[in-house]
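Each of the two complexes below includes chain A, the first together with chain B, the second together with chain C.
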Partner chain A sequence: MRSYSTRPDRRSPLRRLRNLGIALTAGAALTAASLAAQDDPAPEPAPEPAPEAAPAAPSLLFLRANKVIVSPGKSLDNMGLLVRDGRIVAMGTDLAAPEGVETIEGEVICAAFIDPWSVAGVDASSARTDRVDTASRATDALDPYGQDEVLDDLLESGVLMLRVEIGSAAAVSGVGAVIRADGAVPVLADAAISARLYAPGLDPVSRVGQVDRLASALGGAKKYADDVATYESNLKTWEEEIAKKETELAEDFKKAKKSRDKKVKEAKEEGEELKEKKYKEDKRPRPPKFDAKKASLARAVGGEVPMVIHVEQALELRELLRVTRPFTRMRLVLAGGRSALLFADELAERGIPVIVTPAPSSPGGDVGEMDPGFALAGELSARGVEVLIGSGATSASASRDLPLLAAAAVGHGLDEDAAFHAITAGPARVFDLQSKVGSVRRGLHADLLVLSGDPLSSSTRVLASISGGKVVHQAGN
Partner chain B sequence: MKSSLTQPLLALGATLLLASSAAAAPQVDKTAIKAGTVITLAGEAIPDGVIVIEGGRVTAVGAASEVQIPWDATVIDQPGMVAFPGFVEAHASRGIDRPNETLDVAPFLDVKDSIDPVNFYFEEALRQGILTINVQQGNDTVVAGQGMVVKPFGMTVEQMMVRPRSGVKISAAPKRGKTRATQAQALRGAFDDLQRYLEEMVQRQKDGDDFDRREALYQGRELEGEAAKGKPLACSGWTVDGFERVPRGEVDEKREPLLRIIEGKLPVIMWCATPMDVHAALRVAEANGFTATMTLALAPACWKAAAKIKESGCSVILAGLEDDELDPITGESIETFVPKVFHDAGIPFALMSTGDANRSLWYQAARCVANGIPRADALAAVTTTPAAILGLGDRVGKLANGTDGHVVLFSGDPLDITSVVEHVILDGAHVYDRSKDVRVKQLFDGTRPPGTASDTSGEEEWPGDGDDPEDDDETENNG
Partner chain C sequence: MLISCLIAAAPLLGATAADDAFALRASHVHVGDGQVVLDAFVVVEDGVVKSVSNNAPRGVRVVEVDGHIAPGFISLRETLGAGSENAERTRKSTPTADLSFAFDPTSPNWKGLVSEGVTTVLLPAGNSQIAGGQAAIVSPAAGEVLKRNAVVTLGLSRAALGSSTAPTSFAGLYAHLGEQFAAAPEGSPLAEAKAGKVPVMMRAVTRSEVHRALEFAAAHGLKGAVIGAPEADDLVDELKASGLAVVFESKAAPASSKDVVKSALALSKAEVPFAFTSDAGSQGPLGMRMQAAACMRAGLDAGAALRAMTADAARIAGVDATHGTIATGRAADLVVWSGPPTDLTSRVHSVYAGGHLVHSAHAHGAHQ
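Entry: the complex of A and B
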């Protein structure tokens, strides 16, 4: 357990206010920058970071360690890292700290841990509610104030990023976000859409009914997206036709005017009213009625954002895998998945990752005798399923123990590199942040940890946490 | 003394107002007020000062030796009293039929239709020296109706009116049945709906114009003069191209207030219950271009977002003075005096009366002084700052040439707990005289107003009125 005694005065409200003020000012700028950069489709970082308009005083930080874990399974010895304006700008064995730059040294440097399944930093009532829909957003529920104790703990344990979701009591809970624990600032506002096929105590028919409802929602969203696409293509055709027609009309105008003038004259002579020629054209196609919920879910169906579904029992999982087969572009991610071993081959084949929350088996529980307990992560991984490790979004403070959960999975058969992948590069890849975080490379955001030893060892101490280039925690301070 | 107090008092509200208006009936054109001290809030206090009000406006303020009193002016001479401009209430949800509306988004409603001129609240405001009140709908809303600035005197809403359509109340804190996430979603949805509506309007107009042009080409006609033009959309958050094609009059009147909000023509009062609501409020304001015309109404806990508020440049209205938190380790209560945080951060703040008459504006300003805020700044928080927030900075909250002819005569210093409001002059008319305040009389010396029963014998008894021995033990203590 943590001890409060090492931080005597940090809970004073005024000090908290001051800290927050600084964090928010910096955070606001960062959010703007990172959200703007979000549209950048390049999967790999540019070899050289975009030359930013040189600010008056760039913020510099130098890190050095005996071992830098660049990515899972790949490390370099005796490296220095230079961080400027929130990004890693240089790495090398012969790199020396520039004069006067703050330097932090340790045994190991690695990417910050990312909890792919969390509710830390989210307003508690929004996290628990059932009154959300597919268009609700977790970014609307971020609370850096009410959650400051929890977030402080995360900085100390090295869990600097979280994928958070809201509406844990709802079947479909809207758009989740990836946030930095430091100040609960979003890094990616639309990380995933999440849904739930887990309602303990429900009878089997209703449980299958849940899957059917989800499937029909997905189908509705797909139809909406198709209708929008049809409208757009019809509109394009119509616009081209009309443009052509307009040119023709303009060319024929002189003739038309001449003939009309003649008619006007005739009508006048006859004392009759002029009858204009009836003009006809195809009507502009009408767009489908806007539906925010379907539009949001359509992004998941179309694969723009991943779809995370919390499912534990075999009944729902089998149905889910069946009904989602037609949605070929959807990027399905399972959360929980205690019975996923039964479907490991299909998961591996379809490339569906599973966010596992390592826990002891409970033979009398939802999954019964089949529950593999702590061994789930290791066995799934061994059968070729990509495993992420998350704290399960049960309570805000659960994310703090993420590295220990990964270590527990290693203790029950998960390969050590796979476990490290499961809380760094894995979540970054699944939620489309691999060009920004999750590994240690030049050009990436400096969300890093300086450790006293192996990242997954429970006796390792986090010497420093660097979040977006800012030192947010230092041991002993 | 306690006996049957409440029931006849309710009926007396109107009597008092009638009596006062009868006293002020011959509308005098010119009034001169001589007071021992004149606090102008537009410079130093003036000993032995004179205020001249002509046609409802202040025409001269100064020392008795310097100001000429018109020969035909009615003179109110109170050498023992302190003249004061009167307090300004930047935000109150009282004096109306009911504070909250069930509709989520209803900016087309107006509190004008809900204000009750004989509501006890207005009478009490006069007694507390509050002469300008911005009445807004309650906080349990997404987008509420439009508010109205009134003075607490008059038999009709029109007589009370100072400024109609003073602003729209929006809440960043969840309405009943919503969470923070869904509240923000509903708020965003309201403005997204407006944008889509305007875009569709423009598209329809454009389609119609294009068709007309092609039809004329086809028929060989010269097209007649262009249709009436509107004005382009002036919103810093987003825009709709071609909006100038649409005459403004065609915008649905239910949506028109939101359009005025995003163009900065209709101010917003944004309610925040927690510091995270402040972030939500600033996000929606930024996205829709009304940060500059927004004032934040804040529950005490919001002091934690002071740095963020400072950055936004918004003024604030504080609903409550202290924030209490429990220390997570020791469980001790940590109290923060909220106005001091805003004062120290340099954020313009106004105080507001809570529902409790004992926490009226003078009391709150006095508490500010007691907690280390300079007296001038504490007074500004109940006069000039709220006046500026309401866009009435040159009319109310101070005494100077050209301001509205509102004067409160206090028995002593306005922030002294022993001072009382003796007289109120509103637009130059003497509308309140404590010596004729029937409620005060009954409360302090038991005098019953004329026309009411002089004793309680044989009167109907009300449970809990203290008359029955079995009512409660409080009676015994008092008896």
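Entry: the complex of A and C
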């Protein structure tokens, strides 16, 4: 059993089916009653990973700054923050440090940076492999010991959370996770399903073929999800009927017994054996054959988890937008998107965010002269597309550059608040963590930075990094 | 596509007519040596800075610019616009090679450099040669060679060793180089370097490579810089004693090398000059500024970061009399930024090279 959190069981059929599948393969003979028990598996582990509560960490921490950036574009002056057991429990201008509590002061306090596209903390060969499928899980490849230096550097640069994925050589690379850089501990084990429509050097027909294969997989997953839903519905009807019959039998038991006793007596008197009418139960609905890959992808098709697709060139992007139109519940997120400006209006209209990795334009590169280089983030944002900034999952240590990349995007036209959103509240919202991190509010997790100045300014230093309430880095003087 | 690149590059090739004299007025003028003059006028005449002062000049057209003016940045290695013409593959040493012949002013790559505020570039020999020739200082915006035979480039890293051709070892490399220096006729590049008249740029990466290079430089009286040396922080005392500067190379990913950040801080503290390069990084020309910004986020003072990309770089390349600062008599290579030039969030508004407007954010159809 995994000890960390996954999403709340919003659309239960698939998970129930998975549980059922496991139970069936175990060969257990299930009665309706025991099946009902399977429907409600043991309660999910508490959302907060337990191993984090390190005994050495103080449970109380006080932070103060001249400016607290509550959310992008919104700040409060001269605030104190009290952190208890990993959460922000109080905020206020008149808040004073409780006696004996560790206090950290700075110019600015803001939410910790989140890299929405990274491989830091993941075993290097798992990050690059092509031997993964839709059901592979990034949490199985976490490597906090092998990656400790990379992760320590992230604490210094203020990048305290990462959405990691594996299998960068595979077309579909499975379930990515959001982890804390401190110890590579998962915050959300099923953050997104990721896929790739980027194969430089491939001919156009094969490239379109890739999109078609993805579309077929999505269609297959949707059919599977529909079959599961039908099964669920039929099962429910069946269960209800059985229950109704049982109630009927229970209620009419005395009358039925009396009537039967009478019939038995009559038959005896006539010297015959009573021919009893046997009760025949309706046939139980059969579940579709469990398919881990389809079940995993179906979660993306149904909108339960976002679907992140790495795509750069216009051909694939145009086809992708076309084939995904029928999947109205799917939450598509583009990664890379060097040619996304051509489709900015549709992206804005469909609310599809783009994870941009700011990079110079390369005249002979994948998208040729259309490559807007560092201006991509600013131009997409100006046209109403939600922009996230990620380090691009090419190297584990690249995540360390995240605040520099966001600053470079500002230097090439992105609004400063939008750039801050792109590495804090944006990734938190897109990966469904906004109720935990990404902004500074009472009740949220204390994943915070204490800075000497504005978050993206090059002359700003990270004075302290606080990850889940724990001080994981403090600048030496 | 090639044609359109050439057309796009054309305005950079000095086609814009320069006014004989004009002045730029800005809220901040970063001289390049660490000094900042507030609300100042920079007067430019015949492509050269005539004066920097708080007083309005008379009889000169004044252009009010909204932002900060800084000297154009100097990259101490940029070979993208050279194709691979700077790397002779068949011989380990061609000490008299003039690398200005590798400069291709029509390369579209230069344009990206100028739009990031880089107006001066050192074009050295490839890393796989030992004495590969003499680096040229070029202006990517003007498409001109500013100085030929400016710096003697020496390759003293593992990259200069052959696998099947001599020398295959460091012992062999230094024996070969020693012979080259010993045999150098008077007035030849290596003899000039030995006499301290021309600076050298020695590529050495690991600590032992740097150590060997420093010993060789001391034995032959060489002046100049070591290029590479990401772990220079472990050799601060030796570097300080050698009088040599350090040039940090940009990296593929991450753009900000942790070693370089530590080393830059240590060198700054010990007052050993250092500079950056713009090639080889995944961030292109911006890699240089990103590396500097990474150093700043770790505590390097903004003035020191700017010096590394302007005045100190000019000194290392031996062109400080003409470039690297905004002062009377220096080339009018000026960049107008929306904010502090070392801050990555600042945008390039316009770039002047030799007094010509060679890039303008508005003219190039930038967003917004």
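Operating definition for what follows: the second predicted complex is superposed on the first by the 376 of 477 C-alpha atoms of A that agree within 3 Å, B and C clash if a C-alpha of one lies under 4 Å from a C-alpha of the other, contacts with A are read in each partner's own complex, and residues count from 1 in each chain.
In this text, a residue touches a chain if its C-beta (ideal position, glycine included) is under 8 Å from a C-beta of that chain, and two chains touch if they have at least 3 such contacts.
This structure is a prediction, so every number in the text was calculated from the model and none was measured.
**Q** Of the partners chain B and chain C, which touch A:Glu273 in the superposed model: first, second, both, neither?
**A** Neither partner.
**Q** After superposition on the shared chain, which partner residues are touched by A:Asp203: those of chain B (first), chain C (second), both, or neither?
**A** A:Asp203 sits against neither chain B nor chain C.
**Q** By the touch definition at the top of the document, which applies to A:Ser361: first (chain B), second (chain C), both, or neither?
**A** In the superposition, A:Ser361 contacts chain C only.
**Q** According to the contact criterion defined above, which of chain B and chain C contacts more residues of chain A?
**A** Touching more residues of chain A than the other partner does is B.
**Q** Counting only touches as set out at the top, which of chain B and chain C does A:Asp401 meet: first, second, both, neither?
**A** A:Asp401: touches chain C, not chain B.
**Q** Between chain B (first) and chain C (second), which, if any, makes contact with A:Glu99: first, second, both or neither?
**A** A:Glu99 contacts neither chain B nor chain C.
**Q** Using the touch definition from the top, say if A:Asp77 reaches chain B (first), chain C (second), both or neither.
**A** It touches nothing on chain B or chain C.
**Q** Based on the A-chain superposition described above, do chain B and chain C contact any of the same residues on chain A, and if so which?
**A** none
**Q** Any idea which chain A residues touch chain B in the complex?
**A** Residues 4, 11, 13, 16-17, 20-22, 24-25, 28, 123, 125-126, 129, 131-132, 135-138, 140-146, 149, 166-167, 174, 242, 245-246, 249-250, 252-253, 255-261, 276-277, 279, 281, 284, 290, 292 of chain A touch chain B in their complex.
**Q** Can you list the residues on chain A that touch chain C in the complex?
**A** Where chain A meets chain C, its residues are 153, 156-157, 359-363, 368-369, 373-375, 378-379, 382, 391, 394-395, 397-401, 403-404, 407-408, 410-413, 416, 419, 456-462, 475.
**Q** Would you mind writing out the residues of chain B in touch with chain A in their complex?
**A** 174, 177-185, 188-189, 192, 196, 207, 210-211, 214-215, 217-222, 274-276, 279-280, 301, 303-308, 311, 325, 327-329, 334, 336, 341
**Q** With touch defined as at the start, can you tell me which chain C residues reach chain A in the complex?
**A** 1, 4-5, 108-109, 112, 252-256, 258, 282-286, 290, 292-294, 296-299, 302, 340, 342-348, 366-368
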